[in-house]
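Mind having a look at this structure? Questions to follow.
Naming follows writing order (A, B, C and D), and every chain is counted from residue 1.
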Amino acid sequence: MALRERVAHLVGARRTQRVIVAVILVNAVTLGLETVPSVMEHSGGLLHAVDRVALGVFVTELLAKIYVQRARFVRDPWNVFDFAVVGISLVPHSGGLSVLRSLRILRALRLISMVPSLRRVVSALLGAMPGMASIAMLLALVLYVGAVMATKLFGQAEPEYFGDLGASLFTLFQVMTGESWSQVARSVMEHHPAAWIFFVVFILVCTFVVLNLFIAVVVRAMEDDDVQQTETIAAAVRQAQRDSDAALLEEIAALRTEIRALRDPRPPTEPETHSEEPVSRQP
Amino acid sequence: MALRERVAHLVGARRTQRVIVAVILVNAVTLGLETVPSVMEHSGGLLHAVDRVALGVFVTELLAKIYVQRARFVRDPWNVFDFAVVGISLVPHSGGLSVLRSLRILRALRLISMVPSLRRVVSALLGAMPGMASIAMLLALVLYVGAVMATKLFGQAEPEYFGDLGASLFTLFQVMTGESWSQVARSVMEHHPAAWIFFVVFILVCTFVVLNLFIAVVVRAMEDDDVQQTETIAAAVRQAQRDSDAALLEEIAALRTEIRALRDPRPPTEPETHSEEPVSRQP
Amino acid sequence: MALRERVAHLVGARRTQRVIVAVILVNAVTLGLETVPSVMEHSGGLLHAVDRVALGVFVTELLAKIYVQRARFVRDPWNVFDFAVVGISLVPHSGGLSVLRSLRILRALRLISMVPSLRRVVSALLGAMPGMASIAMLLALVLYVGAVMATKLFGQAEPEYFGDLGASLFTLFQVMTGESWSQVARSVMEHHPAAWIFFVVFILVCTFVVLNLFIAVVVRAMEDDDVQQTETIAAAVRQAQRDSDAALLEEIAALRTEIRALRDPRPPTEPETHSEEPVSRQP
Amino acid sequence: MALRERVAHLVGARRTQRVIVAVILVNAVTLGLETVPSVMEHSGGLLHAVDRVALGVFVTELLAKIYVQRARFVRDPWNVFDFAVVGISLVPHSGGLSVLRSLRILRALRLISMVPSLRRVVSALLGAMPGMASIAMLLALVLYVGAVMATKLFGQAEPEYFGDLGASLFTLFQVMTGESWSQVARSVMEHHPAAWIFFVVFILVCTFVVLNLFIAVVVRAMEDDDVQQTETIAAAVRQAQRDSDAALLEEIAALRTEIRALRDPRPPTEPETHSEEPVSRQP
C-alpha cells in the first residue's frame, strides 16, 4: 500500500508530467527525422534507440498508472486514448506492415492528453459533437442516396468517378467539399447533358445542410453563454431588490417604533434616538 | 369503424414504426448492393425480391394511412413526401427509363420522416428557408444578369463556358461556388483582357450576398434565442419583485395592525405576537 | 400644378408599379432570349421591338418621376440607380461597342428598386458596408504589398502569373479566394523553392483578416439585436417596478388613512376620499 | 530640453502625421511603378530618387521619435514595427539579395500604424489571437502528425507530394485549405487504394477543428458584447429600483410626519419643516 501511494505521488508529480511531455516532443522530432533519408543513413541507429527509450518510458508510465488506478484506469477516456496510442507500437508487425510502423507518430497526440489547454480544447470539440449528430446523419444519408443514384446513372459513362459505390461516395464527398466538382460535372455532362441537375441540387442541398450544421453549433455555443448571462442579470436584479427591500424595511421598522412610542407614553430619551437613527442611515 | 380504429392503432404502434424503419434500412442496403456487379450476378434475384417486398410493405403502409386519415392524409406534408417517394417506383417504366429506376433509392429518404431527430432537423432547415427567400431571389437575379452579359460578351470566344445561356448559368454557378473560377477567367482573358473586371466584380458581389445570407440565418436563429432569454429574465425580475412585495406588504400589514391596536384600546397579548411575527420572518 | 399632382398619383399607384415590374420581367426574358441564336433568327425583330417598347416605358416613367419630384429626384439613391441603369441603353453606340449593348440587361436589376423585399435586403447589404470599410482597406493594402513583392520576386520565373503588377494582383486575388493556389505556388516553387513561405504567410494573413471581417459583420448585426433586447428587458423591469409600486403605494395610502382616522376622531365620509387621493395621483 | 520638447511637438503634430502618410502613399506608388519595365526605362532615376527621399523622411522621423521618447520608444510595439519595416531598407545588400530589395514595399504597411482606423482593426485582430492559440497549436500538431504519416506511407509512391517531411507539410496544408485535394488523393490512391481513409479523416478532423476555431472567435466576440449588455441592463434595473425607492421612501416619510403629528398635539409650523427633511435628504 505504501508503495502504491508513493508511485501515485510520483506519477502525479508536475516534474514527472514535464518529463513525459519532453519525451513526447523529443520522440515526435525523432519520428519526423526518420523520414529524412540522409539523417537515417548517418544516425538511424540513434533515432531507433531514442524511439525505443521513449516507448519504454510511455509503457512504464502507463503500467504505473494502471497499478495505481486499477479499475478506475479504464473509466478516464484519456487513459484509454493514451493506451491505444502507445499500444499500437507494441503490436508485433513483420516487415510488411509499414502502416503500423507509420502509426507510431500517433504517440505525438499524447501531447493533447498531457497539455491542459489542448485537453480543454479537444474536450470542447468532442462536447460539440452530440449536437451535430442528427445533421451529420442527415448528411451521410444524402451522401449515400446520392452515391447510389450517381452509380446507376453515371457509372458506365464515367467509371473513374462513379464506377462503383465506393468511387461514387468518394467523388460525392469531394463534390461536397466543393473541390473540382465542375471538372467531375463537366466530364459527366459530356455523356448526360442533364447531369447538371443532379450536381446543382446535390451542391445546394449539401451547402444548405452544412450551413445549418454550422449554425446549430454556433447557436448552441451562444445558448450556454446566454444561460450564464441570464443568471448574472437575474442575480443583479435580486441584489438590487434586496438592497431596496433592506432600506424600505428599515424605514418601516422605524415607523413601527414610532407607533409603539405612541402607545407606551414616552420614556423621554430612548425614542428620540430611535427616530433619528433610520434617517441618518439612509445612504 | 371498429376496423378503422384497429388499423389506426396498428399503423401508429411503435413496433410497426420500427419495422418500417428496418425495412427502409434493408431496402437502402439492397439498392446499394444492386450497384455492385458481382453481387448482382450471384444474387440479383434475391435483391429484386427484397426490393419488391419492401415496396409492398411501403404501399400497404401508405394505403393503411390513407384509409385511416382520409382527407387529413394530404394535409401532413410528410405524408405527401412519403407518397411521392414511394409513388416514383410505381410509375410504369420501360427499359429505357433508367432514371426512374435509379430514383428508387429516394425511398431511403423516408428515414427522415420516420426518425424523429432527423425529422426535427429537416423541419428546422425548411423553417429557415423563408427567411432566406429574398436573398436567394437576389442571388438568382445576379446570376441571370451575369449569365446574359457573359453570353453576349464571351460567348464567341469561349463557347464551352459561355456558348449559350444555359452554359453561362452553369459556369457562373461554378464561379459562385469558387470552383476553378481562375481557369475559366484566365481562358476568357486570353481573348478579352479586361474580362477580369467581370469576374472580380461578380465574385465580390456573390461573396458579399452569400455572406449576408449566412448572417441573416445566424441572426434569425439568435433572435429566437434572445426572445426566450428576454422572457426568462423578465420572469426572474417579476418573481424577485413579487417576493419583495410580499415581504413589504406583510410589514405594512403588521404596521396597520399596530395602528388599529392604537385605536381599539389594547387586548393585551394578541398584538405582541403580531408584532414579532413579521420581524422574525425577514430573511 | 393639377397636372403634376395627377402624374404623381399615377406614378405612385400600385397598378403602375406592377406594370413596371411586369415590363422589367418581360424585358429580362427577351434580353435572355436574344442570346439564343435560333430564337434570334425566327423572331429577332419581335425581341428588338419589345426591347424598344420596354426602354420607352422606362424612360417615360423616369421622366414622369423627374417632372414630379424635380430636385428631390436626385436625393433618392434608388432613383439615381434607375437613371444610370436605364441611361446606359441611351448612350449612342456604334456597332463596335458590344459591351454597352450587353449592359442593357442591367435594367433587370431595376427589379431590386421596385420589389420592396429585394430593396430591403440590398439596403441592409449596403448598410453593412461602412462597418467593413477598414478591414476591406487593410485587405487591399495586403494585396497591393503582396503583388509588388511577388512581381519583383517571381515575375521573371512565372510571367504568366506574376509578369506585371496587374497580373500579380489578379493572381493574388485568386490565391486569396483559395482557388488553385497550390498550382500557382507549385509552379513558382520549381524556380524558387522557398516561395512556399510567401504563399503560406499570404494565405494565413488573408484568411485571418477575412475571418475577422466576417466576425465584425456578425457582431455588428448582433449588437443591433442586443440593443433592442436590452430595451425590451429594461421596459419589462420598469413595468414590474411600476406595478409593485402601485400596490405598495396603495397600501401606504391606506395606512395614512388609518392614521388620520386616529387623529380626527372619525368624520365618516371625508377621510375616505382623502385616502383615495394619493392612489389616484399615481401615474 | 527645450529642443526636445519642440521636436516632440513637431513629431506629434497632425500636419507632420499627414505629411508622413502622404510620403508613405507616394512611396508605395513609386515602388509599384518600379515593377513596370516601361516606366523604369523612362524615369527609373526619378523613382529611385523619390524612394531615397522617402527613406530619408522615414529615418528622420524615427530618429526624432527615438530622440524624444528615448527608452519609451521600444515599449510601443507600433514603434518597433515601424523601426523593423524601415530598417529592412537600411540593411546593406549586394546585387544578389533581391529579396531584401523587394521587402522595401513592406514600408507601405506603415499606413497601418499611421491611420487610426487601420490601427484599431489590426489591434483587434491581434487581440483575437491569444484566444486562438490552443486551437492553432492543435491544428499544427495534427498537421505534423499527418505529414510524418503521409511521408512514410505515400512518400515513395508520390515523391512530388509526399517525398519528404517539408513536401508533406506543404501538401497537407494545401489539403487543409481544401485546394485540389482530390487531385492529390486520386494520384495517391492509384498506388494505395485505401489512402482515401487518410484523406477523408484528415479533412474531417481539420474542418471540424477549423470550424471550432471560428466559433471560438465568434463566441469570444459575443461575450465582450454580452458583458456590456449585462451591465447596461443591471444599471437600468438599479435605476428603476432607485426611482421606486425614492417614491416609496417619500411616502413613508410622509407617514412618519403624520404619526409625529399624532404625538405632539400640533404646533402648527415646526413639524411641517421636520417632515420635509428626510425627503429632501434623499438623493
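The working rule: contacts are C-beta pairs under 8 Å (C-beta built on N, C-alpha and C of every residue); 3 or more make two chains touch, one makes a residue touch a chain.
On a predicted model such as this, the values are computed, not experimentally measured, just so you know.
Put simply, the chain farthest from chain D by mean CA position is B. The pairing of chain C with chain D is characterised as different-residue: of all residue numbers used at this interface, under half are used by both copies. For this pair, chain C with chain D, the centres built from the Cα atoms lie 26 Å apart. Taking the mean of the C-alpha atoms as each chain's centre, chain A and chain D sit 26 Å apart. Looking at chain B, one finds that residues 178-180, 218, 222, 226, 229, 233, 237, 241, 244, 248, 252, 255, 259, 262 touch two or more other chains. Those residues of chain A that touch chain B in the shared complex are 133-135, 137-138, 141, 144-145, 147-149, 151-153, 155, 164-165, 168, 178-183, 185, 196, 200, 203, 208-209, 211-212, 215, 218-219, 222-223, 226, 229-230, 233-234, 237-238, 241-242, 244-245, 248-249, 252-253, 255-256, 259-260, 262-263.
By the touch criterion given at the top, residues 28, 31-32, 34-36, 98-99, 101-103, 105-106, 108-109, 111-112, 117-118, 120-122, 124-125, 128, 170, 173-174, 177-180, 214, 217-218, 221-222, 225-226, 229, 232-233, 236-237, 240-241, 243-244, 247-248, 251-252, 254-255, 258-259, 261-262 of chain D touch chain C in their complex.
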